[in-house]
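Shown next, in structure tokens, is the structure this report addresses.
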Amino acid sequence: MNILNFFIIVPLITVFLILFSKSLKTTRIIAAVGMTIQLLLALWLMYYYLVHYGLKQLHKMIFVSDTVWFPTLNIHYAIGVDGISTAMILLTAIVIFAGVFVSWTMENLHREFFISLIVLATGVFGFFISYDLFTMLLFYELAVIPMYLLIGIWGSGPKEKHAMKLTLMLMAGSALIIAGLLGIYFSTPIVNGHHTFNMLEISKYTLPIKAQRLFFPLTFVGFGVLGALFPFHTWSPDGHASAPTAVSMLHAGVLMKLGTYGVFRVAIYLMPEAAHEMAWIFIILTSISVVYGAFGAIMQKDLKYINAYSSVSHVGMITFGLLMMNATAIDGAILQMISHGIMTALFFALIGMIYGRTHTRNVYEMGGLLRVIPFLGTMYMIAGFASLGLPGFSGFVAELNIFTGAFLHADLFHRVATILVISSIVVTAVYILRFVGIMLMGPIKHEEHLKLKDATWYEKLSTITLVVSMLAIGLYPVWIINTIMGSLKPIMLKILGG
Amino acid sequence: MSLSAIIFYILAATIIIFSILTVTSRRILRAAIYLLFVLVATAGIYFMLNYQFMAAIQLTLYSGGIVVLIIFSIMLTSEVGDKFERPALWKLLAGVSTFIIGTGLTLWVLLSHVFKVSDQQAIDVNMRSIGNSLLSLHKGGFVLPFEVISILLLAVMVAAIIIAKKEEDNTKSDEI
Amino acid sequence: MANFSYTIYILLVPLLIFAIVGIWGGKWKPIISGLIGTFGIAFILVLSYYAAYQYFFVVNHVGHYKQIVAMNFLWLPFNKILNVHMGILLDPISAMMLIVVPTISLMSHWYSLGYMKGERGFARYYAFLSLFTFSMLGLVLSTDILQMFIFYELVGVSSYLLIGFYYQRPSAVAAAKKAFIVTRFADFGFLVGILVLVYYTHSFDFMQITDPHSPVFRTILGKAFLGYSVLAWALSLIFVGAAGKSAMFPFHIWLPDAMEGPTPVSALIHAATMVVAGVFTVARIFPIYVHYTPNVLLMIGYVGGFTSLFAALIAMTQFDIKRVLAYSTLSQIGYMMVGLGVSRYGGEEGLGYTAAMFHLFTHAMFKALLFLGAGSIIHAVHSNFMQKMGALRKYMPITHITFLVAALAISGIPPFAGFFSKDKILEAAFMHNRLLFWVEYITAGLTAFYIFRLYFKVFWWTDEPQCDCKPHESPSTMTIPLIILAILSSTVGFIPFNKFVTPDLKAFPVETDWGLVSASVAIGLLGLGFAWFLYRKENDLPDKIVNALGKLYQWTYDKFYIDEIYLFITKKILFNLVARPIAWFDRHIVDGFMVGVAIVTGKTAEKIKGFQSGHLQQYAFVFIASVLIIALTVLYFIGA
Amino acid sequence: MNLHSIILLRHEILLTVAAVGVLFADVFVPREKKHNMITVSLIVFTLVTLLGFIPAQGGVLFGGSYQSSHMTDFMKDILNIAVLLIFLQSTGYLSKPENSWKITEFFVILMFVLIGMDFMISAGDFVIFYVGLETASLPLAGLAAYDRYKSKSAEAGVKLILLSAMSSAVMLFGLSLIYASTGSIYFSDILPKIKATPLIILGFIFFLSGMGFKLSVVPFHLWTADVYEGAPINITAFLSVVSKGAAAFILIIILFTVFKNISREWEWILYALVITTITIGNLFALRQDNIKRFLAFSSITQVGFLLLGFMGNNELGLTSVVYFMLIYVFTNLTAFGVVEAIYNASNVETISGYKGLYKTNPLLSLAMMLALFSLGGIPPLAGFFGKFFLFTAAASRGYYILVVIAALNATISLYYYLRVVKAMFIDKSDNPVAKFRSTWPMRISLIISSIGIIYVGFASNIFEFIYSLAKGLL
Amino acid sequence: MIQGIPITHILVVSVIMFFTGVMGFIIRQNLIAILLSIELMLNAVVMNFLVFNRYLFPHHLQGHFFGLFVIGVAAAEAALAIALILNVYRRFKHIDPDKLNEMKY
């Protein structure tokens, strides 16, 4: 049995066991155990890949297995991972692990909550391990839909409306993806009487340029919606604002990466010629995303909105990096996926914890929190620093890669776009520090805030897990970069080779 | 103009005029009677086409059966002297325009189509050939639809029964 | 060649202290954190001195230096060609900084044991200090321009943390934020500059990109962008970064506000070390500036010159003693920039460079001393304003004497350290750029005036202090560092810098231009005398002068309204004209569009509900009409 | 008639025997024991369904009037399953005292209707097709008025019969035109003579609109919602699942075989119809509160998707349509089952009445959610696969724009499906449907159909099986 | 085949009859009248089949039988329709299609 299957089986077993749990206590223990196993699996996978291939900058799809599913349409259940997907899996495992602990005291309909959460994670894992376009789509949608319930039932604010907006926009994106994938499928040459959904197979062909021109934008925008591509990002602030903590974490941390990963693995990788042709349009859009998101964050009051806009900005940078289409920038973009995933998960976790204490997310109603909840305050500052790309945290490495990669294009258009994007580091600093200043520093605004309690053990566990992950990349990035670089080699060959 | 032609045109005129009267008369009973004329005239045409069997069916089943049924139901649902209100303007417009466009389009298509009138020897339509065809298991035979239509009739009968059966039980009628 | 591998501990130890004290410090008695920090720095100090000694005297022949990469490892590979390394580069300037940084750092640590006693967050304070020390050392030892950038950022953040140390004070928070954002903005330029430069040089390594003989620069020079050579753009942008850290005009605004931090922090970061990072950076890539973009170098000189004059003018009118010192710092860094700006390469031509470094060195000593002295005063008076002071000489003799030493040093009165370095800068400016010379010459006079205005207002002026307090001498933990620094301030001027620190790493002989020397001493004394005349005793003459100057004074007092301009740009333009419209646009236009689609769909659904009217005949009509329409359409197309 | 033909006709014969048998049995059951007829009918029909699965080679009977193949057999089996599920679901409704005197009729009529459908599917000429079609639709009008004490039900019945009579008249007119230009009513004879002449096109359009009426294709759909709302829920379920299924099956067979020479024309007509059907269905479904009307419009949308498979016009298209129909049977019947169970227990049939349902009846809510998600095309439920293959079929002919439009519409449809989910799971209600237990046949049917929803998608062998059948047919 | 009458003349009659029926369906104010219109339409169809059979394909009887079955179905249809109309009459005491719109939108 292929070990990758466990990434789907373990959550499913967990879900199954939770069905029989009676109390929150058992539910969360089952969930925690399941997700810990998942994390260990992911760590082992990363370790395995690192030792055998990653550190040597080698490329290999490992644990490849290919089961025919629908022979007529040549749909396979094809799984396997390379360095990039391994990294993404690790990211997912970390975030869901932290997410379970963040939801430690989820009283209301606990079973349903954890089940939905884990199903969502299953979708994500499935997406990252599969390389058949059909199964990717399947897992993609599987990951999107529990979101509706998670936000709708356990959210806050105008949750139904926001949940609906989010779901519909993402599913609309997925509608474009469906058309795009089918287009790709039918553009592949017929071998043994079949077209193919197999990404690795498809990458061996050059799809007809006419088809590419049609399907590249479809898939790009389709995945881009999940990647919060301007102007399709508006689900993000509302959705995140209404979502319960763990869901925000998972969504911003991992799900949005599904979008960018899809942009990369499907749109750009399979249709590089069209990508080269049309990149400029999307470069403009992503550059706007980056700056616009950052500026958008400045004027917000709600912590989650701030972080959501900041995510728009950061995720925009991922897509921007991907569109630069050279190894360095793409490498940076992938790093940024991981980095932003962890960073934003940390943010949302902290926002949830702070909200749980102050019962407000309005920054202007908080103040001096560093004094009363030093642990959470410090963690929030760390998250902030990570967000503004401080060296030592993963974000810096990622952004640097993107910028350096982007600068390898010497023409005016790319330069201007790049400089615009780089300027976001300043704007990011502005809003991060502004809100850190308002919220954590200064005098305490409300008497009752004096009585707040600092983090509990499970809160500490989840935040520290995330911080350590950021540091692991930020302090010594060579291991992950070599892994990604190694796996990028064949991809770059395709993208650049044309 | 031969006699048959004259008869035909008379029948045709009857059909058209009474068709229109059927749908325009404001007294329902009269409408039913006009329909009867149409059906009978149609039967006349069937005779002229040398389809006596069909003409007979038309007369008995249609004119005899259905129209009578309809007339009974008219009796049940309305007083003799009842006149309808004039139809609403939108209905009139809709109906007439549909009629004009529909007829125009269909006739245009039909008349521009060149029908090749067959010069083949016509099959003799008598009761034997009809009976043969109806019970034949082979091509040109219609035993299967014959069976099916009997099922249809049975089903419709059962359905009509549950609609029309006298209310034996004293269960409530929840509204009206 | 000697083994420098131990130098890694110079970086690791403070980082380790930061981590340990930062994580567990809160749980211990505060003093333990302080002691760990202080002894840790002392340990580094020893290592650094040893390393500097080894570098200057053991491995190299004096006056003939090589760049030594003590250690280097791959940190971030971008692609086959571009890689970021982390490492330790030893050359005269970094070795010099190895003396400056730990020295001042140790003094601050030591001093803080007394100054910060009983403060909340004592452990945090020491953790941050260690972080800063680590960052600063990392910066000066960088082998790689991106490593430098990284430590730029880290220095920025530790500065942010330390300025915002009193985080419950809104002004401190604002100041910290301002400092970070302004320097961040400059770093943006720096980063772009680096990226442009690196695009052509294909290397981040200082050894390569500062090698003036490298063929790569010749090729870049040909490339132009908007009329300027790409290299000039890159180097200007890099200077922007440097200007940000060194608070050159117009990035100077953060520095005075940064005085919200604890005074030892001001001494360490905002006087002696971090703010000279910019100077250090320019010095680091000086060979390229001087060889390929002399215009940029000239611009640097002018910026430095302007800043020094401008800041000195403001310093004359301020009453907050830390602010006076802050503006004085600006002014002095301007000097250094001028020194670099007027320097040339090779032999005596490199005097400006040497002088700038020399001034950096001496300035660190006496400015730290001034700040720590000011801290001692504030400690005693509990106020920053000179109006509250006066006559303190009677109560705080040690502080008084050491402060006087420092004041003399900064005024350029021999034999104190400042005299030697400032004189060299003036000499270099005189050689190459008369305009800058005159600017600096005047500034020297102003410097002497404002520092002694400060001195007299604080220690003389009245008979008794104006505060309701009992001024007293500070504890020994504070005074001993003062004394040490005073000794240093009076002695380091005798170091023959031209033997050690030169742009081409080769010593050159220097001749003293006695005429210039006397002129500079004269102007210093003039300023001193004027201050003595105005402020030794309480009188109303200064007020009269102020009134006489009118608007001019007001402008100077309000720092030429630069802050207001910034405020206008950020609050009014960026926030109100950019961010707010974007937020509005996002909510109402972009999101509005998406919501609009939904609303329009709903409205359409409402509008067309009439089709489902329940009317049998209407249904029939729709049916037939649709059939006919479809038929007509299809037949039309078939016919066509 | 020989053994071979009996085996070929086994579905029809079994049903006839069963229907007539039940009808006779009814005579011998005393009034007060009429409810036993429910059990009898269920057992009989279960047997019929099972026996229908007996494999048999296909063949042609009655000189071409009757065509049987593996594919048609399978289609009939699907319909059998659907009807069985409906029978299971209707026990609660039929046990009500006011229905006690017409229990048998209910079963018998539906079985007759089913016979009509089976003949229709196996039709080899237009006569048998027409007669089958009428058998499959006329008696349903009677059943729509089954709740004859209810004005809505009466209204539904009369609307259905009049409109369907009109639509069949139009269709017949079209058939007469086709007959005029081809000279035959036999599919096999017509096939070679079909050309894109105006007469044939006009006849075809008349024919298509008649079929469109049965399938509720917009703009021929207007009866759907009213009839669905007025008819008893079981009949609504029957109309929306079985009737539609049968119509879709025969239409696709006719389009793909008889009219394949004018496929260019009908593909473009369908192109337009797909768009209108999906869009209008969606727009109307958006604002419904009555769950039956809601499901009516939802089923219109689903038919729109189904037509995408028609656009495929190849084996894949046929396969995807049949496959989707199979999934649709399970999915929609789950939904109708839940609706029925709730209606029987509490007379609630509005979406707003479903608020807070999860709190009181979690399992039913889950089943409903499963069904709605499947209708919305959410993986890993069968609906996703069904829809995806329909899209694939359309895309295989290059109709990408259509796929995009359809897929975007699927998103809109998700909106109103989620609205129901929201009512059940999220909204609070002061007065939710009380906790109740549904009857065991209902539970069995819900379990079967829920398993179907989950299983059919994953089970690629089902799809492959249908594909092999499709290959055999085309 | 009627001597001297071209097929088109008969077709004109049947087409007019058919669309008269359609018109009647739309404009009539009475359910039974609508039923009458339907009968007109069906009658036209039957006539069509017979005419085509006789004129164009006289060598077989397919159209003829089609017509026959249509008449049969029409009879059943009419019977059931009348039952349903009467049912409506019992519920509503009228058979006006315009007032039969309890269910809409």
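Observations on the model:
So that you can tell them apart, the chains are marked A, B, C, D and E in the order they are listed, and the count of residues begins at 1 in each.
Throughout what follows, contacts are C-beta pairs under 8 Å (C-beta built on N, C-alpha and C of every residue); 3 or more make two chains touch, one makes a residue touch a chain.
What you are looking at is a predicted structure, and each value in this text was computed from that prediction instead of being measured.
Contact with both subunit C and subunit D is made by A, B, E. Averaging the CA coordinates per chain and comparing them to the mean over all protein CA atoms picks out A as nearest. Here the chain pair with the top count of touching C-beta pairs is B-E.
Centroid distances built from C-alpha atoms place C farthest away from subunit B. Farthest from subunit E, judged by the mean position of CA atoms in each chain, is C. Each chain gets a centre from the mean of its Cα atoms; for subunit D and subunit E, those two points are 27 Å apart. Centre-to-centre separation of subunit A and subunit E, using mean CA positions: 64 Å. The geometric centre of subunit A is 36 Å away from that of subunit C, both derived from CA atoms.
If you average the CA atoms of subunit B and of subunit C, the two centres end up 100 Å from each other.
Residue positions of subunit B touching 2 or more other chains, listed in rising order: 91, 94-95, 98, 102, 105-106, 109-110, 115, 140, 142, 145, 149, 152, 156, 159-160, 163, 176. In subunit C, the residues that reach two or more other chains under the touch definition are 609, 612, 614, 616-618, 620-621, 624, 631, 635. In subunit E, the residues that touch at least two other chains are 18, 21-22, 25-28, 34-35, 56-57, 62, 65, 69, 73, 76-77, 80, 83-85, 87, 91-92, 98, 100, 102-105.
Touching chain pairs in this entry, ordered by label, are A-C, A-D, B-C, B-D, B-E, C-D, C-E, D-E. Residues 91, 94-95, 98, 101-102, 105, 109 of subunit B are the ones touching subunit C in the complex.
Those residues of subunit C whose C-beta lies close enough to touch subunit D in the complex are 601-602, 604-606, 608-609, 611-612, 614, 616, 618-620, 622-624, 626-627, 630-631, 634-635, 638-639. Residue ranges on subunit D touching subunit E, taken from their complex, read 125-127, 130-131, 134, 138-139, 141-142, 145, 148-152, 154-159, 161-162, 165-166, 168-170, 172-173, 175-177, 179-180, 183-186, 225-226, 229-230, 287, 293. Contact residues of subunit A toward subunit C in the complex are 165, 168-169, 230-231, 233-235, 237-238, 292, 295-296, 298-300, 309, 326-328, 331, 368, 370-371, 374, 385, 388-392, 396-397, 400-401, 403-405, 407-408, 410, 418-419, 422-423, 425-426, 429-430, 433-434, 437, 440-444, 476-478, 481-482, 485.
Taken in their complex, subunit D has these residues touching subunit B: 1, 16, 23, 61-66, 97-98, 100-102, 105-106, 108-109, 112-113, 115-116, 119, 127-128, 131-132, 134-135, 138-139, 141-143, 145-146, 148-151, 157, 177, 180-181, 186, 197-199, 202.
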